[in-house]
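In order of appearance the chains are A, B, C and D, and numbering begins at 1 in each one.
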Amino acid sequence: MPEKSIASFDVKRLEILDEEGNADKTLMPGLSGGEIKHIYEMMLLSRAFDERALQLQREGRLGTYASIRGQEAAQVASAFAAEKTDWIFPSFRETGVQITMGYPLYMLFQYWSGDERGMKCPGGLNVFPVCVPVGTHLPHAAGAAMAMKIRGEKKAALAYFGDGATSKGDFHEAFNLAGVFRAPAVFICQNNQWAISVPLSRQTAAGTLAQKALAYGFTGLQVDGNDVFAVYKAAKEAIEKAKSGGGPSFIECFTYRLSDHTTADDSTRYRPAQEVEEWKGRDPVKRLRLYMEKEGLLDGEFQKQTEEQAEKAIDEAYHKMEEIGPPPANDMFAYTFEKPSPGEAQQMREFLG
Amino acid sequence: MPEKSIASFDVKRLEILDEEGNADKTLMPGLSGGEIKHIYEMMLLSRAFDERALQLQREGRLGTYASIRGQEAAQVASAFAAEKTDWIFPSFRETGVQITMGYPLYMLFQYWSGDERGMKCPGGLNVFPVCVPVGTHLPHAAGAAMAMKIRGEKKAALAYFGDGATSKGDFHEAFNLAGVFRAPAVFICQNNQWAISVPLSRQTAAGTLAQKALAYGFTGLQVDGNDVFAVYKAAKEAIEKAKSGGGPSFIECFTYRLSDHTTADDSTRYRPAQEVEEWKGRDPVKRLRLYMEKEGLLDGEFQKQTEEQAEKAIDEAYHKMEEIGPPPANDMFAYTFEKPSPGEAQQMREFLG
Amino acid sequence: MAAVNMVQALNMALRQEMEKDPSVVILGEDVGRDGGVFRVTEGLFEKFGGERIMDTPLSETGIVGAAIGMSACGLLPVVEIQFMGFIYGAFDQIVNHAARLRSRSRGRFTCPLVIRTPYGAGIKALEIHSESTEALFAHIQGLKVAVPSGPYVAKGLLLSAIRDPDPVIFLEPARLYRMIKEDVPEEQYTIPLGRARKAREGKAVTLISWGSMLQRTMKAANGFDADVIDLMSLSPWDAEMVLSSVRKTGRAVIVQEAPKTCGFASEVAATIAEDAIAYLRGPVLRVAAYDVVLPFSKLEDYYMPGIERIKNKIEEAMRY
Amino acid sequence: MAAVNMVQALNMALRQEMEKDPSVVILGEDVGRDGGVFRVTEGLFEKFGGERIMDTPLSETGIVGAAIGMSACGLLPVVEIQFMGFIYGAFDQIVNHAARLRSRSRGRFTCPLVIRTPYGAGIKALEIHSESTEALFAHIQGLKVAVPSGPYVAKGLLLSAIRDPDPVIFLEPARLYRMIKEDVPEEQYTIPLGRARKAREGKAVTLISWGSMLQRTMKAANGFDADVIDLMSLSPWDAEMVLSSVRKTGRAVIVQEAPKTCGFASEVAATIAEDAIAYLRGPVLRVAAYDVVLPFSKLEDYYMPGIERIKNKIEEAMRY
């Protein structure tokens, strides 16, 4: 009885669109020209929102903000693969996902300005509030997916998180539960290679994050996270698999955070400038634009129009937030419980004086 | 650019000694006859202690007790591979490990009778107290191993735990840290296929536990946990690898819990009798005895003598515990802090009246 | 109406509510085929099947976290944590998520979940099986905390907890599980969260307690003209009943099983000292466990507040 | 002697102790090359290298759990948890292990570790970055809890914490990090754990506070003949100083940043009500945050106890 092999695994990576905008036709997902245009519009809108948020933060009009620059493909293309009624569990760096799902822009501004009303997801959408403690929303996604299965609803739960989140116990317990219960969950990691100042090599000794799914009995796939088509295809297949009873999937979108961690961070303290430069060359937006140009889906006019629309939508959203103004102070008493406890009610009376 | 393979893994299983007591010579670890006899003695002593503890519990002389029956090979052979000064982090079901490390038997009786003095590990040994919250000791082992590396001590940290523990976030975070810091840790799971009433298939969707190590960039090996030689060999190699800077290892000992979960449990409520019967046939003690008989290492005399010695040692230990008696009540004030706080001191005075 | 113990009363509440409301699901370790290590969920797996009675992996973060997700999606999960000592693995989920989801989402998503767990000393269990850290949960805004003191209260309180639109930590004194039997109606009835009850009427001293200490307090109260209050809920809690009793008696003794410092008794005492001090004849006294790490079972009896200690404190109060 | 802020004072304490004692190591997220998100460990990575200043994965359970293992094996780990709101991931390790290892092993293994974490509101941060749940830790037997109120205290208290043979939760009010400068000697000095200090002497009312509320309490005290006590340690805490002050003044106002129910102020009030009631002229008053989920930054200023609210309570106390 020699040492014998009892299991073997292969971890795969999917790439479709290269840096010059050439797509591998054999692998292309079924996306119409209109759909591709829509993805592109969402990417531009996300980027424009991101830039505006950074600017507003610098002007002291928003609080700390986490930029998504460089991660637009991973966010937009995966969210585009979802249906409106799927459940979305974002981390704090998911502007592109929220926008693509149709989350109102002015509410995102509210959120980043420190107003919880921005997290009151509108009816018809199931986008959970931003999760600040890293990785702790993954069990919610597992549970939501379990609930979908129990209730017989054909919906998937999509959880978004970073490479740093894969080190948390919550990641482990959520993946394990989803595996055991074959829950319709899709776990989407944006491996942007940094968790604030901690590089991937300090986050894990594993060669890929995708292989972490092996521990839970389902598959993990790495995709080029700056490649809209690879991301879309992987997400679409995973969502369909989830909805048809095939259980959970894990997608590692290999990408890069082009900005500082947040506006409170200075990444030049810990990150080689050259690495950032290299990844700027792999810009996911540019890559899709090149493809669309080649395919005749985009010209200067469309580009200009899309940019203008984005700016306009953002202007309107910001003004709407400003018009609404800050929440009334006694709002803080209204949501601790459905009905305020006697103590809370008394404190509110004291507060109102 | 098709979907390409970026990593592949093979999970192995090691078996050396079969159920009839035949060993694969090509795989045999270097163990002298004397060493094999010692392992056997420790197995018999562990089993005898286990039986006595169960009996004493039934008589109301010990508290709840967790039997190790069926897991003696996994415990004794792995602990035998360690040096006295290695650090051992046991769960609550590790009598065989403690005994093999030379932990005083009377102190084990103290522990199981509800007296913390039993967990005051004697000098010269580094056996941590029993860890009751499942899996939560694994980070301690990772940290101890990191400390060994920092302090330049050539010691390994061995952590023992069950299949259920692999579902805890603590498992994940400990494995990940050990991987990242290439810490000299050896993680030894006794996969006895049940976590109280929860079968392995409900614990994880993964086909093996060994493959969970892939998530952390080090190797996991499954061994026949009822095979002393396979367990010893795997543990010995892992400990040596750890001490020579090779980083952590994970060993899954595939075994079976022959008894109830603890004396508070009734496993007939949830476990098929036939499964238990099958595994009784794979008794690790019997298997080693058959081997030793064939090799001329054991005869009726040696068997009888070993059994008698074990009973004698256990009698003495139990009497010693009884002689020592229960701890003085004010002992509860002595170990909250090194020096009692003023409040504690005052409460002690009140208590003493 | 039958005389049943607390395990049976809880089991009845769960069974009845699951029959009535298909959204109610149970998850936890060993809650299914095994019926729970204390048998509170006995028979439910057979009756409702594995989709509604879910044996989970050993995974407190995952269990509570998943229950949060479920509760936000229309289920009413009742989680069992096997012993309170193991709830800390889920503490982050409880504190940062269950307690805050309603506030964070301005009511769009809520957590109508219940976390049941046996707690408290006196059952000679292994380490980490005997703590009573209810005060930790009472300090977390957005959580409700309920503690039954006997079978009748247990059933009515658990039904309220399951139907409550917010997360409830439901602490079951393990020592009481099979200790007392009471007549518990087969019909459903509720005991509102946030309200205390008078376990006994009296005029000379107010005794305040909850959970397993209530029994001992009642015994210690013999021979005194004591108003005994069973808080039943610690968050929100019925300060009104306590204050009006103290205003009547002028004396207060609070009895808790937990160590003294920062226990819930401190909150009760502080509230009395803030809102009823003019009525007090003497100090507000606390009976509590010592401020030490809870000892293993051999010394457990010395650690827990006993009837004698409670009596002595009542006598001390009566000296003013 | 230079005027430095609290970040610098803490940095000085860490650097000096690491120079003096090779067993001291630091671990946490971003403590290395980045110098910590608040820069408390700035320059230490460059000076002491990656083996003693360990950037870890994002893993609170793992970090604290590993530190427990390290501390049992002869190191003196100082852990940084990036914000107090993320400490709950490590709560099980802290409560079930760090606090109990000495007791469980009858002193054979101990946990001389420090867990540093910024805490408290007032910095307009994202959600979960502003809590002050010190009371949770003060209720856990076997933990020490220290809270500096300024640069000078910070340095001396941190040195005591590192040298203490037991686990210390060291809470750094983030609002104060760069708010005040004080003269802090370059030499090492210690401020003992478990002791309070008089921040001001007075005869008419005792004001008790700690951490970032101390500043506001001092400002509110202007115009009153107030004895102001800075607790500095919450576990163990200096009940003696509080009681003797209250016996002198007959009035007590306790100011905490945390929500009222079951906060540490309740413990202080309960202790006064138990041991100094005969000296009181009126109620023991608490100023605290409201019992609500801590709001996002836009409403933070309404939530935190401000100078006006403290003043009003002092006036209320003075009416008796």
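Here is the rule we use: a contact is a pair of C-beta atoms (placed from the backbone, for glycine too) under 8 Å apart; a residue touches a chain by one contact, two chains touch by 3 or more.
Owing to the predicted nature of the structure, the values given are computational and were not obtained by experimental measurement.
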item	value
Intersection of contact partners for subunit B and subunit D	A, C
Farthest chain (mean CA position) relative to subunit D	B
Approximate Å spacing (C-alpha centroids) for the pair subunit A, subunit C	40
Subunit A-subunit D separation of Cα centroids, rounded to whole Å	36
Rounded Å distance between subunit C and subunit D, as computed from the means of their C-alpha atoms	30
Residues of subunit C touching at least two other chains	56-57, 59, 61-62, 85, 88-89, 92, 96, 103-104, 127-128, 141-142, 235, 261, 291-293, 295
In subunit B, residues with contacts to at least two other chains	116, 132-133, 136, 167-170, 173, 176, 180, 202-204, 335-336, 341, 343-344
Category of the chain touch graph - line, ring, star, complete, other	complete
Contact set on subunit C toward subunit D in their complex	85, 88-89, 91-92, 95-96, 99-100, 103-104, 127-128, 133, 135-136, 138-142, 235, 258-259, 261-267, 269-275, 277-278, 280, 282-286, 291-295
Complex contacts: residues of subunit A adjacent to subunit C	87, 89, 116-117, 119-121, 128-129, 132-133, 136-148, 150-151, 157, 169-170, 173-174, 176-177, 180-181, 335-338, 341-344
Residue ranges of subunit C touching subunit A (in the complex, touch as defined)	25, 51-52, 54, 56-57, 59, 61-75, 77, 92-93, 96-97, 101-110, 141-142, 144, 165-166, 194, 235-237, 239-240
Complex contact set, residues of subunit B against subunit C	63-64, 92, 113-116, 130, 132-136, 164-165, 167-170, 195-198, 202-204, 264-265, 269-270, 326-327, 329, 331-333, 335-336, 341, 343-344, 347-348, 351
Subunit A-touching residues of subunit D, taken from the complex the two chains share	29-30, 32-35, 37, 55-62, 85-86, 88-89, 124-129, 260-261, 290-293, 295-300, 302-303
